[in-house]
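Below you'll find the structure, written out as structure tokens, and then a few comments.
Order of writing sets the labels: A, B and C. Residues in every chain begin at 1.
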């Protein structure tokens, strides 16, 4: 009996020894010499591989950091300044700062004023639907509501409306990586600076049709009337191809344009509710489009909610 | 008027559905069920019922409580698995073993990979092989088939048990003697020992023709499987008729017919292209004969098919369908 | 019976409008003529707002290489040149013409009903004429026809193939053109044959049209070098590469054109419009359309002026039936569902199909059961199931390595998929993505 035990120990020991030697030489032969900083940086990156930096993944960005030696042109938008500082510490350089950004949806589709005009069956993909037709709400520029942005978001920041498929962005979770903006076939999603106290203003429409046609497509459409551009004291608003655009680097958040907009296409986020007096001048402009009124209410509701959240 | 609907082309469909395919397989299995009852009495029916019912139950339980998805038991695939599992068992198997087999087939063979369409191995065979390894005695004791006239005589079928022709032949060869194999007519009709579904070649051929007509299976796998087993068996038999069984008995006894027509042709676990299917069938045939003659088990169909199942992704890569033009 | 080798399906034929003679559809009140009704660059308008135009007058000129002239389909005044919505809801630039009460044709057009048999123009003149008259392929792709006849250096055309297979369910416009205009079609084919300078033209036609086959065979005896080839009824018999294989047994290699194997393929509808353009000087301002649907009391085949809104057709048949769920322009296998019924008819529009909910129903998608039916059905010998899993994992390049770009989107895979996976949709998406990726490079 003991013979067996001895034999087993000897045989297994010998086999183990041979393998150990072989493994050692193989490991030596195929050793990859890698800067340990890459591992360190990869460790502090979020690891979601969202692609917001433009690289294939977090590790690729870490490699790029180490290869380049500085942070010029490289940034992890998801990690923001906090990660940038950590990376800078590992690289032994000064961190570059950038304004934090957040994704906004420049379309008001899915709202009660814009009922579906057709139904869609088939692959649940905006990119595909975009190649077939204009979308259920009949707008060739707006959200298709099939969730391509939702599918690429690595941070759970996008929720889809169960009936309309229209996305909403949770600004607490959104890190501004821009994956959704790249995925959207109609470029409805834009990255904008988060703004002071998270307050932002933007035109929630991309419809390039002329006024009447745009209005017919969607009651919330920007009709390119240019009233906002006229009223803006900072020249932050430009109207091109019948669509207004607010330059977030110039906008001072005075909210004059919002009051002026006849269709409610200009949206303000995280502002305290307007005083009734301030709302009064907007009323007459609204008159020709009574259907637009509920949308304004809706945005006010959002504002209220967010204010309570922030407080 | 309703809203206009939009979708990409094509706008019509052949009407083919997973449900229809699965129920076609179930229909094709009916002749096998009838012969099983005919030769083994109502014991066979109980085994089938318990197997099907427990497969359905486990599928439902797993989908409802573990995966928390919509239940798919109505698509008929669990019934196919249940029936095929039962057809691979002896009729006198204790029913609790059947339940364990169903659990392994559905739980490990199918649902652990994500359900229908994702399993790399044929679930019924996974269940069967598990039972064969876990309960070798019960799984290799077969009742002798009843004569056609005494089906309803009594339920005491397990009074006489015996080996399948394959097992008996293997024993005899080992001992250096020889045995009388069942006559070819008995083997063709199914009057011999064996698992529920594998005994009657006639019933299997009827089911197979139905599946071929309904285009659920194509001829490539059954023909290449049985053909390879026949040719390989014939070569061995010509070399040494005392050591090896004659090729007609090789394909009629044991599970080759059942395996070739119903198990190896399982869509999920067989290759896509015609040539891939032929290669798959040849592999199954070769492995079956190798295991039967030189392995420790008298029967090798289940192992052969499972081994070839594992090769399917490779076969799919290596044997692409013929393209229109290079 | 000749046919192609791989795959193919046989959908329900539903050719219910075969007996409806071609009727002339009344003029619209306003015609919307898009500047881009063909494959390639949009044409450049040569009229301005307020101009009076006659029927058949050139209103937009082709300036790019792949482009086609556009002529006024009606007599009237140009209301505006502006973006208008097409049938899919997209905005495109169009010339909008208010139709005058009396129609006045451009003088050069021969509007008499006589058949002009003698082909007087030379090869070069015919090709120029096709270009001038804005002829495009009416098989669906609307590729400018004259370009096909400018044979590149080093290649030689040996056969002219005329596609009359009409393998799509429901469509009967080709069927009717053959019956109602047999001689004109055959003269058109002779014109094309002369333009190409080949001795032989083959008409490929599916065997489910016995009457047109008999008529063509009878008439073709009077013409030199035209042979009628009946083909097996199998979709997609009318696909370019499949048709070439069925008739000539030649395989067009992946990524190559028919001319690389010495073939030029034209639709039979194109042959008819070539006859009108070359022999009668009539530009392409009309299209022959099937208006059909199972719920319609009466089926129609119309000859409709380009620019007529679909809603005019809907009104003419007494409104859309109650159970209409989908309106398709083209056949049920490759046609496109339309959303904007006010959108106009363009060159190449071949039908308005009204499909009920029951017929158009798409079942819920299930997991692939790897049955291989898509592989068996694919006429190009591809593996749609593999594409599906690769595409859903974002591996577009790997799909391309498996010859995704050979796919012609015939829809056989989705048609036969028991799991109702949107295979054709996925492939189409991947092709779009791959093209984008290529452009970036």
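Note that in this section a residue touches a chain if its C-beta (ideal position, glycine included) is under 8 Å from a C-beta of that chain, and two chains touch if they have at least 3 such contacts.
Please read all numbers here as calculations on a predicted model, not as lab measurements.
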Quick one: point me to the chain whose Cα centre is farthest from that of chain A. B
With centres defined from CA atoms, tell me which chain sits nearest the overall protein centre. C
Of B-C and A-C, pair with higher C-beta contact tally: B-C
What whole-number Å value describes the gap between the mean CA coordinates of chain A and chain B? 53
With centres defined as the mean C-alpha position, give me the chain A-chain C separation in Å. 42
Roughly how many whole angstrom separate the Cα centroids of chain B and chain C? 50
Quick check on chain C: which residues sit in contact with 2+ other chains? 336-339, 362, 422, 425, 428
Residues of chain A whose C-beta touches two or more other chains: 117-118, 121-123, 128, 132-133
Residue numbers in chain B touching two or more further chains are 4-8
Of all residues in chain B, which touch chain A in the complex? 3-8
Residue ranges of chain C touching chain A (in the complex, touch as defined): 83, 88-91, 336-340, 362, 422, 425-426, 428-429, 432-433
In the complex, chain A residues that touch chain C: 117-118, 121-123, 125, 127-128, 131-135, 138, 140, 208-210
Please output the residues of chain B touching chain C within their complex, sorted ascending. 1-2, 4-14, 16-18, 20-21, 114-118, 267-273, 316, 320-326
For the complex, which residues does chain C have touching chain B? 5-6, 9, 11-12, 169, 241, 245, 251-254, 320, 322, 324-328, 330, 332-339, 341, 355, 357, 359-363, 366-373, 375, 378-383, 385-386, 403, 406, 409, 411, 414-420, 422, 424-425, 428
